[in-house]
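In order of appearance the chains are A, B, C, D, E and F, and numbering begins at 1 in each one.
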């Protein structure tokens, strides 16, 4: 079993805001991340896949195929978008890095299986100082 | 003469949109950067100052003082903000990295002079693949 | 279960020296790391915490809280310090990256539990070419 | 149990080409990686070793020893070389990052054991956007 | 006047070999860079352009246009290629980073002018430890 | 004229302390950088040299020669050392990054000339957030 990881980027706006709370409560919990006019990030997404090596190619999976799946199911939907307003799979969910990683997993688990390998980890960097990992 | 550089970060939302143009023209020129619901970046700001070394300190300028000026005049105004809506010094200006670098220069030139040295360069990274430098 | 990681920095002096050994033996084992007048590093500390997502916040834990704990229990005690001389939790222990990672774990395990999540990994970079990971 | 990682570099040429396939099939599967005149990379190799801390040194293993082993058994054989033509342990194997990681594991497993610790992971970056991990 | 920089990547094989010299002389001067079977690098190319800001766009030049020019005139010709054998503009020239930077300048100077701005600097990283800058 | 840069590393301890001042004054000016028991950094040194390309080699200067000079005249004297106590060319000088860059210039200017090229810039990173450049 071997693990291969592909890194992709997306730039998006978001805010953290719980509509059931007052503005004061939101500010207290989320601080400047609750700015009503949004802020944004250069997100980095690491998709790790595990499988066995095909001796004809030396690949566990072709990175071109992994990249095409990630672009179709994730990047094209969230790059240069507003995570709270524009992204179908983030509707009605707090736009935290934790939720983003979990929802990206759901988008990719099935399509990655079609390559004959398995999704192992979704890692999302929000800034260079904080990131989230989800293993399903 | 010696040059010292301080790096600071800010995360902001923006869009590129010329209100005198149709949506089609905006999309043609700015592409996905014109998304009406905004997108955002982890900006990196490099402030370079030049001066002579003070033999008592070994410093051309105290980095604590440079950092305090940059935070007061720039970071506190743009971090976790929307460059088009929330930032006084970007009002009525296209929120491009070029304009951002020039306007940050204007905010910092005078305050840096009060430290007995001169502003030399403002460098702003929008993503790891593109940055702008302005020398006044 | 989801994993969140916060990166912090500290700059410290240290040396590797076993007082039960001759200087020759120390030099043989530790090389230039045994320089009697110390040397130092820009350490990078990655604190990984695991927990379940709180649907009200989208957080497994608030990064502000994790950061406050790491600063209080670790960074404030070791940043711009001498690991061999100034740091209570490193007293009488070889100032290796391995021991540093283990002792940082001991400082953080309990306080992280108070956030309703668990410490998962302490990762310490001494230079960009070597790092240590400890999982408890 | 603690994990220590040493990073090393090597620069090498390679191509991906299955001699049982037509040029068209090779181009279809491997794309520009099948260029007959080779291309190359700045590879980064992370060798992770696990063991218990020796109280006399504070080390699980001396990084100088790990580095000497990695240089002797791997770097000296592949740095500034052609992976397909010059490297004994890659003969008759597709020069993919997956196979490279597995073969590097085989070169290092025994020698690392002589240090009183165990090889835990071989991680190879081919570019900053893709890497492979192998755990034996 | 403002300076904008676009970063691009290419992976290529090369060797340093002066055909007028013996193999011994080549080995003495170029060391392992003269390996007859090639080696390779992940090159990073920084193209810096200077111009005045167009108030309608906020741009000195549209990065999409700079990127398209760099891809057409440079990247498409050298990515996943052998610099000594496959690249028209490197024929009969030592494949050093210095020559590569100068020849890339020649490829880009005119096309960049068509954007209404001027080429300012070509910076080429061969490894993370060495790079070349050329200003025309 | 072309510019080549070589990056080297060194790890050192230092403190900022003016012996003509009280401890209070030192603490006020230098903050935690004045810790009496030292602290330290992973310094990065970028040495930029300018010259003309030798058509026989494609080099403005052989990086092996630049590296050998930098190691002999600088790295061997300061790596894993205490800048205030162990380094001849820093004696009686405040151990600031500014002074370090200037003194490194003095060590390298003449030896670099013997390669038939000229020293252009010394750039020293103290942390990833601050660096100094000196051009003679």
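Heads up, the rule we're going with is that a residue touches a chain if its C-beta (ideal position, glycine included) is under 8 Å from a C-beta of that chain, and two chains touch if they have at least 3 such contacts.
Computed from a predicted model, the values in this text were never measured in an experiment.
Between subunit A and subunit C, the least number of touch steps comes to 1. Annotation of subunit B and subunit E: jointly contacted by F, touch as defined at the top.
The chain with its Cα centre farthest from the Cα centre of subunit F is A. Taking the mean Cα position of each chain as its centre, E sits at the greatest distance from subunit C. Relative orientation of subunit B and subunit F, expressed as the C-alpha superposition rotation angle, is 120° to the nearest 5. In this assembly, the C-alpha centroid of subunit B lies 34 Å from the C-alpha centroid of subunit C. Inter-chain spacing, taken between the CA centroids of subunit A and subunit B, is 28 Å. The set of subunit C residues touching two or more other chains comprises 128. Chain contacts here follow an irregular pattern that is not a line, a ring, a star or a complete set.
Taken together, the chains touch in the following pairs: A-B, A-C, A-D, B-E, B-F, C-D, C-F, D-E, E-F.
Contact residues on subunit D toward subunit A in their complex (touch as defined above): 16, 18, 20, 29-31, 93-99, 101-102, 128-135.
Only residues 1-8, 48, 53, 55-60, 62-64 of subunit E touch subunit B when the two sit together in their complex.
Only residues 9, 11-14, 32-33, 35, 37-42, 79-82, 85-86, 127-128 of subunit D touch subunit E when the two sit together in their complex.
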